[in-house]
Amino acid sequence: MAEYKLSLEGITKTFGQLKANDDVNLHIRPGSVHAILGENGAGKSTLMNVLFGLYKPDTGRILLDGKEVSFASPRHALEAGIGMVHQHFKLVGPLTVIENVVLGSRDDGAILNLAQASRKLVDLADRFGFEIDPDVPVSKLPVGMQQRVEILKLLYREVDVLILDEPTSVLTPSETRGLILQLDQIRKAGKTIIFITHKLDEVMEVSDRVTIMRHGRCVEEIDTAETDARSLATAMVGRQVVFQVSRTKHDIGDTVLSVDGLSARNERGLMALDGVSLEVRAGEVFGIAGVDGNGQAELAEVITGLRPKDAGDIHVDGRSIADASVAQRSREFGIAYVPEDRQRDGLVLSETIARNTILRRYNCAPFQHYGLMDRKAIGSHAARLVKAFDVRFQSLQQIVADLSGGNQQKIILAREIDTEPKLLIVAQPTKGLDVGAIEFVQKQILGQAERGAAVLYISTELEHLLHVCDRVGVMFRGRITGTLSAAEATPEKIGLLMGGVAEVA
Amino acid sequence: SEFKAAAVLPGSITDQAFNQVVYEGLMKAKADLGIEVAFSEKVKQADQAEAMSDYARRGYPVVIGAGGEFTAAATRVSRQFDDTLVVVINGSPTENVATINYNNPQFGYILGFIGGKMSKTGNGGLIAGQEIKAFVDIAEGFRKGWKDAGASGEVTITYTDDWDDVAKAKEATLNLINQGADVVLPYLDNGIVGVVQAAEEKDIWVTGVITDLGKSSPKANLASTVLDFASATATAIAMAKDGKLERADFRFNLGSPEGHMGTISEAVPADVRAEADALIEKMKAGTFQP
Amino acid sequence: MESFFNLNLLSDFLSTSLRLSVPLAFAALAGVLSERSGVFNIALEGKLLAGAFGAAVGAFMFNDPFAGIAVGMLFGALAGTCLAVLGVTFGVNQIVAGIAINIFVLGITAFLSRVVFGAQANTLRLPGFLRFEMPYLSEIPLIGPAIFSQDLLVYVMIVCVVLVHLFFYRTRWGLQVRAVGENPSAADSAGVSVAGVRYGCVIAAGAIAALGGCYLVLSQVFLFSEHMSAGKGFIALAAVILGRWTPVGALLACLLFGFFDALQLRLQFNYQEVPHEFFQMLPYLISILALVGLVGKPTPPAAIGKFYRREAR
Amino acid sequence: MQRFVNSLIFFKSVFAVLAALIVGSGLIAMTGKNPIEAYATLFHGAFLDYWGIASTLVKTTPLLLAGLAVILPLRAGLFNIGAEGQIYIGALFATAVALYVPGIPGPLHILLCTLAGAVGGALWALIPALLKTYRNINEIIVTLLLNFVALHLVSFVVSGPMMEKGAPYPYSEEIPTGVFLPKILPSTDAHMGVLVGLALALIMFFVFRNSWVGFSLQTVGNNPRAALYAGMSVRRHIIISFLVAGALAGLAGTFEVLGHRYRLFHAFSQGYGYDGIVVAFLANLHPLYAVLSAVFIAGLRSGANIMQRAVGIETTVVEAIQGLVILFVAVSLAVRYRASAFAGAMRRRQALDNDLASEPES
């Protein structure tokens, strides 16, 4: 057996003028879990896409079991026993879960036998503690579920090398635990795992060895046992990172947002919000915890006007916003919103950075006069935002699709915060961000609270909530099952509420 | 210099019908008179005026527009080009333009008369691409003849909305047959083939008005007249060459070299033939006009 | 009106409806196949015509209708290959490519038909398929004569619909086609060859649409005439959408269309005093009404018409 | 530099045309004619000859307007296959006003007819727009089907209520000479419509590029969910873009009548609406390039007609060559992505300069 299961040697990949991977060398031992760490845009996904045959490298070679291979397409990689969970899901929306899982696999002959495949899949899911209905179209699933489908798709194929590109970013803590335990078993079965994540504790827990990437290069490779989270973070970002963004004391003011008995339906016509009431005051950060898909997204959408309500009332500064349009809520009532799915809802991917920074104010002064866009104003506005938020980019005329996920998120955040909102709603704002970026984003959000904005902070990441929020409400099946103050909230209490076990008055 | 003539045709010169016949007339004139000829086929309506004026500009003393839809454009073209004589086949009489027409009701009448005599069901059918004047006149004559023959039923008209769609024409004919028609008259271009096929398959009669269907389908042909646009075209060109074609309306009656009876089926009894012949004579003599 | 209740007439009427829908159905089925794989197929018209021409050439040269089918399908497949090369490999906008193919086929078939058949183009009677009565079945009242005494290609059409349906929903490749049409990048990552699937579908679609042209020539009129597809490819395109990109749905849509086309001929007959244009609008208006009446929205395959290039995001 | 790249791209299309013509010369040779002579006639007839230019301009008008009618809704992500029907209804409205609203001084009457034509087209386009917004019914199929309905409707009108008495063919009476559009080339058919088309293309270009309407339209087209989030009304955009597109197509029909046909003919459009799709795509949905592609196709058509008349080449050959040309040009446009990677790099470079120049001082 070769010393390395996989070796990537001298991989360079450029997009236009950007060197996304610059002479990268990576060696993976058989039967190990190898973590790859790096800031947003460091080139991790690009490297994995090269390995998986999706991208063709400019130079460099790949050795599998000591033999040089070259994958013209993912099919060849899969045939060689390499599988990948993509950061941005590669799922076919209208197809069911099981159809997505068996797609492209060639072991069941010409005729589809979905029933048999479903049984195999459900067995597999059980082993991970994943609950999944094989016959639902994937597009009807919440993001967290889709993530699970991605992982199951890979496990179902029984490949030798598993590439996992941020598989845990939308899983609940218990699901993450299930996955990590399973990864352990898979490794014990002799398989090799490449694991990309921004969560240092996960790295410390599962990996045997870590590679750190920065600006398209590998800057460090080290055995996990010989390092700790803090030094990993420093190596990754190139500076010291404060792990816990600390809250400075500030005053809580009058009620800004009050939601009263709000009910609404989701796309499938099912009750997604079922009589939700809550209040958020100026300067306060109110967290919404809960397993993904329990009505959090719908709550944000109803408040911002993107989804009609069935019943209930919403007041901002004491005025009802029931009849206000999306634009009015944003401009007159000062509601800013960072949506959960940034690529689907928050950005126009095929548009330039400059134009995306004015998306919600495109027809307001100073960006337009007499119907005409003011390019200068737009340009200087965009330039100011990207500078203030440290967005990594090449040009303001670059399309947003070419930015890494973290930088895309920064653009949305910059755009929303720049309006100095009265009410800031953020949904999963740190999803897929590196530690440095998380720190930055949380600081910005807290900064808004300090300025006097009311903040509604929706997240599935308990730890983040506990760091940032004054109060945390827990959602379960469209209801708020309990609200805890920062002082009384503990992961255990919240965990119980999230499962709907207890209802605290 | 040498005499030249040009024709602008809306359809294809191989359509076995109107366009092909006019084209053949042009070729006949070329052969008989030894003149230079030119033509444009499949000219879209929007380009018809342009095509005619282009020929005029190129110095053609005679430009023929094949079809009534050229009438409007012809007026303008002849206004613009004094030296060119514009001829429209099936056109409505227009100042400064020579129009060539047949006495269409006569042709329709005689076919309707024979058809009415021979129909067992008493029902006849007409199939046309579109509702154009020439056809409406034929249909009117046909109906009159049908009635005068003493047939009991109705004559119905179906429009296929496409002069060339053979399959559609065939289905339309089958439909007429299903409804009881046993004599049909097609007024189509390529579509005629479909009508004749249906008639042959269902063993009913067809009557040809433009071309002699007795030649292509002796089995189904009951009676045909020949609107010999080829001769008409050639005649017109010859007259123009001699400077005899006036800017006025020419009308060919049934029984002229340019428009006459074609094949009549053996199945038509002698007495019916005689009656028909008498009617033709009357029409020729001008004592009877349907 | 009485004639409507006459059993023979009704059965003739149904039979006409069916015959009018057959070429549409072949073309629509082809449309479903290629659009499900993500390739927009406005070239159906050209493929029908290419098939018709091929059928005539084959039957003329070899004096055998089966040779006609073979050559017709070959020509259709060639037109399909052309669309695939342009749309899948070169990334030419598929609508433009399709329109260009239509124009080209229209010209070249007319030109070549004059070369091949010469002056006899329209008097020719090519060998074709005749209707035959299925024993027993054709004696069923009403539908017997309408459905069970047609010619070979009608049954081929029905078999094709069933086969494509089974292919889509019961086979591994069918699943791949559906995936490629929805999300090529996901299918690619799952190890499906996007270009391979699209080539296969578009070429097969060319051959199937060509069968519609074969039907026109070998079953209906036994000769080739210029532009004999007469816009049927575009109606088929509408049927694809009306049938919601499913084989059976498309067939039903074509039958609906054929039914109302037959009905409009009949109504013209029965109501001579009503301007015929109103009846001629009928099939189109009914299709629109059918769309309005259907519940739920038809969603096209998401990737339809989009060129897939791996490294673009 | 940018301009140089653009001109390369432009020349690539020219090469494609040449390639198509070379392939087509095989066909011409098969008929026993001389290809070089034929092509010389085509080119000369389309672009150099006075009458030929006029005929090219006449054909350009409906092609350009129909092309714009396809481009506009596509910016918002909607496919208007219905320009053909909108042309018919526009022409119908315009003709009705021309014939039945007498006693108005010429220029005013022309204006009124033009307005009526635009309204007619817009109303016809409103049907698919409403069905799309309120019932989510695929606009491609509705516009396609409505084309046939419009065709039959006009056919009915001109062979019935509007038909000239005793006319040999279904067409309306001639419109009064007062509403004839002014000519731009004396004693030809070339009329003012082409100037209107050009002006509208310029306006559309300007609106797309510089106004917030262009911005929101494009956002709706690129990502409707994000558009909702940005506070744009997706419905309103759909409806308005269809209304305007319908009006543009309606103008195409109007100018056909007022410009050089002077009456409403049965089936007069013969596919301008579908040609508009080709124009739009060859122009890559750019309103100014649409002018070029419309002139190009118009020139091809009128040149081909002249070639047929002067050299005696069969139409079937001409049709096949037209198909070849469109195919080849389409290919050449698609192979652009290499060039455009280059163009993209240039753009970024230039943008970088912009960035530097406008960086706020600190």
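Letters A, B, C and D mark the chains in the order given here, with residues in each chain numbered from 1 onward.
Everything that follows uses one rule, which is that a residue touches a chain if its C-beta (ideal position, glycine included) is under 8 Å from a C-beta of that chain, and two chains touch if they have at least 3 such contacts.
Computed from a predicted model, the values in this text were never measured in an experiment.
The chains in contact with chain A as well as with chain B are C, D. Looking at contact counts per chain pair, the maximum sits at C-D. Across the assembly, the mean Cα position most removed from that of chain D is the one of A.
Remark: chain A and chain C have CA centroids separated by 46 Å (rounded to whole angstrom).
In whole angstrom, the spacing between the mean C-alpha positions of chain B and chain D is 37. Here the CA centre of chain C is 29 Å from the CA centre of chain D. Touching of two or more other chains is recorded for residues 110, 114, 226, 280 of chain C. Annotation for chain D: residues touching 2 or more other chains are 152, 155, 159, 314-315.
The multi-chain contact residues of chain B, meaning those touching 2 or more other chains, are 131, 161.
Of all possible chain pairs, those that touch are A-C, A-D, B-C, B-D, C-D. Across the complex, chain D is touched by residues 6, 38, 40-47, 49-51, 53-55, 57-58, 67-69, 71-72, 80, 90-92, 130-134, 161 of chain B. By the touch criterion stated above, chain C contacts chain D in their complex at residues 86, 90-93, 95-97, 99-108, 110-111, 114-115, 226, 234, 237-238, 241-242, 275, 277-278, 280-281, 284-285, 287-288, 291-292, 297-298, 300, 307, 309. Against chain A, in their complex, chain D makes its touches with residues 210-216, 218-219, 222-223, 225-226, 228-232, 341, 344-345, 347-348, 351-352, 354-355, 358-360. Across the complex, chain D meets chain B through its residues 51, 55, 58-59, 152, 155, 159, 166-171, 174, 187, 189, 256, 260-263, 265-268, 270, 302, 305-306, 308-310, 312, 314-315. By the touch criterion given at the top, residues 3, 9, 12-13, 16, 19-20, 23, 110, 114, 119, 121-123, 216, 220-223, 225-228, 230, 262, 265-266, 268-269, 272, 276, 280 of chain C touch chain B in their complex.
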